[in-house]
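Okay, here's the structure, questions in a sec.
Which chain is which? They are A, B and C, in the order written, and residues in each are numbered from 1.
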Amino acid sequence: MPGGDVTDVFAGVADRVPGALADHLRTVRLVDHHVHGAFNKPVDRATFEASINEGSTDPVSDFMTMFDSPLGLAIRRWCAPVLGLPPHAPADDYWARRSELGPDELTIAMLAPAGVSRWVIDTGFKGDLLTTPDQLAELSGSPASEILRLERLTEDLLESGTTPDDFPAAFRTALQQAVDAPNIVGTKTIAAYRVGFDIDWSRPTDAAVVEHARALAAQGGALRVDDPVLIAFGVHEAAEHGLPIQVHVGFGDRDLDLHRTDPLLLLPLLRTMAPVPVLLLHCYPFHRQAGYLAQAFDHVNFDVGLAINYLGSRSTALVGEALDTAPFAKQLYSSDAFGPPELHLLGAVLWRRAMGLVLGEWVRTGECGEQDAIAIVDMIGARNAARVYSL
Amino acid sequence: MPGGDVTDVFAGVADRVPGALADHLRTVRLVDHHVHGAFNKPVDRATFEASINEGSTDPVSDFMTMFDSPLGLAIRRWCAPVLGLPPHAPADDYWARRSELGPDELTIAMLAPAGVSRWVIDTGFKGDLLTTPDQLAELSGSPASEILRLERLTEDLLESGTTPDDFPAAFRTALQQAVDAPNIVGTKTIAAYRVGFDIDWSRPTDAAVVEHARALAAQGGALRVDDPVLIAFGVHEAAEHGLPIQVHVGFGDRDLDLHRTDPLLLLPLLRTMAPVPVLLLHCYPFHRQAGYLAQAFDHVNFDVGLAINYLGSRSTALVGEALDTAPFAKQLYSSDAFGPPELHLLGAVLWRRAMGLVLGEWVRTGECGEQDAIAIVDMIGARNAARVYSL
Amino acid sequence: MPGGDVTDVFAGVADRVPGALADHLRTVRLVDHHVHGAFNKPVDRATFEASINEGSTDPVSDFMTMFDSPLGLAIRRWCAPVLGLPPHAPADDYWARRSELGPDELTIAMLAPAGVSRWVIDTGFKGDLLTTPDQLAELSGSPASEILRLERLTEDLLESGTTPDDFPAAFRTALQQAVDAPNIVGTKTIAAYRVGFDIDWSRPTDAAVVEHARALAAQGGALRVDDPVLIAFGVHEAAEHGLPIQVHVGFGDRDLDLHRTDPLLLLPLLRTMAPVPVLLLHCYPFHRQAGYLAQAFDHVNFDVGLAINYLGSRSTALVGEALDTAPFAKQLYSSDAFGPPELHLLGAVLWRRAMGLVLGEWVRTGECGEQDAIAIVDMIGARNAARVYSL
């Protein structure tokens, strides 16, 4: 266990954040409503650097280092002290110190100061490189809930021998099992990666679903759902079962067509689906559009997770913009950390700091009362997630 | 008549706004170039809360209150003192006090401190719940001009027995009457709600217009124009008659496809129409695009009304972005208030405050002179509207 | 030679920018990686005003002056002292003083304080009104490199008698000559103006290129390439020859469909082209999208040139947003100055000031170390350009 501590999240800006608000933000326990596991194996520097570049699917080029990025600066600023180094320790020093620790040591060190009371974990991707929900819960001392990936469910069913004719019923049975499973609190679609949002979102008939499942299954081997009919089917079925639905929106790797993940393209779905909670994830650079949808539809909520980490010190501006138009009951906190446990910590540190700066300014200039600001923190930091997922 | 006063618009930020600029912004009389009536009947709390949610067309859900939103905070901050309550009075206290007053008392109380010298009123929607222009003028002590809704005109003509064959001439006659009417200073299109902007904006022939009018009239009953040909006809005819044309852009309720109201989609129209003043209204979150169009076309102007209210304290950032690229002669002030007279007041308070903060920073850091800043206030606050509408 | 000096770029904000960072930003020599010539003839005021309106292709209307714009304020603020006038000199005074000087005197006066060590000049447009690269180098005392316009090359070849059958080979020969020419360091496409980005970006066959060249040549006279096949051919050939490719993105005059220049529409090209450096130019208001692409693709870089000038004091916010997600190795400085030499100066002044304010805040609040900030300045200001263009 490293000897360091995370620096006070208001270091350098303490005069801008009124005392009670600052104290609350330092200590409030968050629900990280969209997060993945931490690395469960040692990684080399190239893997680490690639894992702090969200957009690229290639190794980082020789001519640069991802430490020279907003996220890289934030790691050196906020994570170095956790490992007993001074803030802004050079990248090589950070890497040398980090390499002395095992993956569990790192995860324990980083997750404790995140101050997260519950992790809601998406297990749908590269699960073998990452801690399981149980492992993350044990390493962090906080419980973990799970999210069921809808496209993964379709693939699993068809790969494991469900016939296309049986697929619609089998999918519904699996969703009902999810409803009944105490650890599963919602579902997720990665339509953004598979088809984009500019598809026909109407609810397909079972006959159409069977036909499209047959075409997919005929491909054999490891299946990849990239069929609008099967994706729309999954989303509508999850909604009909009353399950919350997370939707990857915006910022992601270059496999997606970012402009086809503008959440406004979901309007035909949002207008017609069963009104279960919809959680628009990330949303950058369409976060203002997401906030608008959260005002326009009772069942729509959103976060700016992932982007908070990647913007580093710029996340203060982002958190401000995310507060533009959405009712405060409709926004959630998440880190979307994946891999390096630095990301599980940074999401919380940067969010607390940004909320303190944005709301602190409101309080100092008299735009709202300090207790109002604290109530907003509680809603976005934990209460809305508790309501949405019935935690 | 309530005993309170609106708080000084620079309370809490007085040190950031140089004195002469601040004094000017406190007192300058504004032209509210796009506004609706105030409620002329008492409303219950559910109606009030729904009326401070622009995006949704449903009642506000039980799990939340719209007071927990940027606009809700702004109402508690700036309108509570007008009703004799302290700033940030709790929502229930605000509602209790508000309920003691009749609709006219509320309107009188809120409109006086708005400091508006002229209201340019869009009477096209739900007129029976709202004060008429004459009533608003009487309650506020400032004159009101009117805007003619083009789609409403089409519907009125066809509903009242104009034959499709006579429709083009009747439409032109009505426009000429509008030109001659001293109280009517412009027109408005809600193409955003009816067809989106990605339509064929070429000027239709009268034969085509007659044919489409016939198809619409054949529907009978209360007509609803959602036909690109009839909408393009209305816009081009208004332009040919030399009438300014307001265009609803962006932020509105969820009946519109927000992404199809990006003002850049109007380029084919803007390039070819008769160059009467075009007023792009609201524009959020496409306000930077609107500012660009205001630089690119002599006849294009814009505002960020409606959004200023809904962003509350965040409107300072919005007002800043609206100053990005547009010549100062091409932006206007509006509240787009509709219903609660709090909105007629807040538009003015938040705009004055935001302009003071943005321009005050320019002056304090030497980016411009204080008289330059005052001149910008005058242009956007009143002079541009006087020019555009020939007031 | 005028007697004035440019004001210290941190006048009015010196307390916000730590000393070593400020000193570095005052003196660091920049590579202006995308710029045009300065006027080489006297211009009248109407021409000058039109030349500080990027969006419009018309003269500035009588009802306004472009001095009443963010750029106009910046000229009065930063360029007036260069001509011996006080900051914020009235527009008429500025014009009177400016008119006393010849074009070369103006250029000499404005370019020296820009602190540019190398100009990378796009000579593709209206070359006869502007200084040549040699002239600009002589007037500024700094060397100039050149950029080859791909569409201009196609037009030149076909206008000068290259047959359609010979065109593909002739184009390749010309590119190879560019590779071998020491003064040419890259190419540029203005696909934004000619076809938009939503085209088929696949690499065409030579047979298709010949066919399309034949159709273009058949038009006779001064040719204008607006054919997706010929434009895609040019881009892919430049990439195959290893030449960096500048791409006009976003902000430009109204001849382009701004929404069809969203750089995300380039994804099909970026994913498949030979990975030579791509330089996304300007990008406003899609600069966040451009920053994302710079993270997602090793070969993609971007700038916010042109927009920095046009936003004037608002450029600080823009420069901040441009630092959202891109690795610092992937952003470059440019002015995109064209015509008035004020623009060659302002680009540098406003960029230095904005970087000082944004990074100064990071340093003061402990988000990064001062040496980190200086390293970021060096990367964006000069080093990245040196790498990308092999200067």
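What we mean here is this: contacts are C-beta pairs under 8 Å (C-beta built on N, C-alpha and C of every residue); 3 or more make two chains touch, one makes a residue touch a chain.
Please read all numbers here as calculations on a predicted model, not as lab measurements.
> On Cα atoms, by how many degrees is subunit A rotated relative to subunit B, nearest 5?
Copies differ by a rotation of 120 degrees.
> Copies subunit B, subunit C: same or different interface, half of numbers shared as the threshold?
Answer different: the two copies use largely distinct residue numbers here.
> Approximately how many whole Å separate the CA-defined centres of subunit B and subunit C?
Distance between chain centres: 37 Å.
> Which residues belonging to subunit A are in contact with no fewer than two other chains?
Subunit A, residues with two or more chain partners: not present.
> In the complex, go through subunit C and note every residue touching subunit B.
11-13, 53-56, 58, 60-61, 63-64, 66, 68-70, 73-74, 76-77, 87-88, 251, 253-254, 257-259, 284-285, 307, 310-314, 317-318
> Show which residues of subunit B lie in contact with subunit C when the two form their complex.
Contact set of subunit B toward subunit C: 262, 264-265, 267, 270-271, 288-289, 292-293, 295-298, 320-321, 323-330, 362, 364-369, 372, 375-376, 379, 387.
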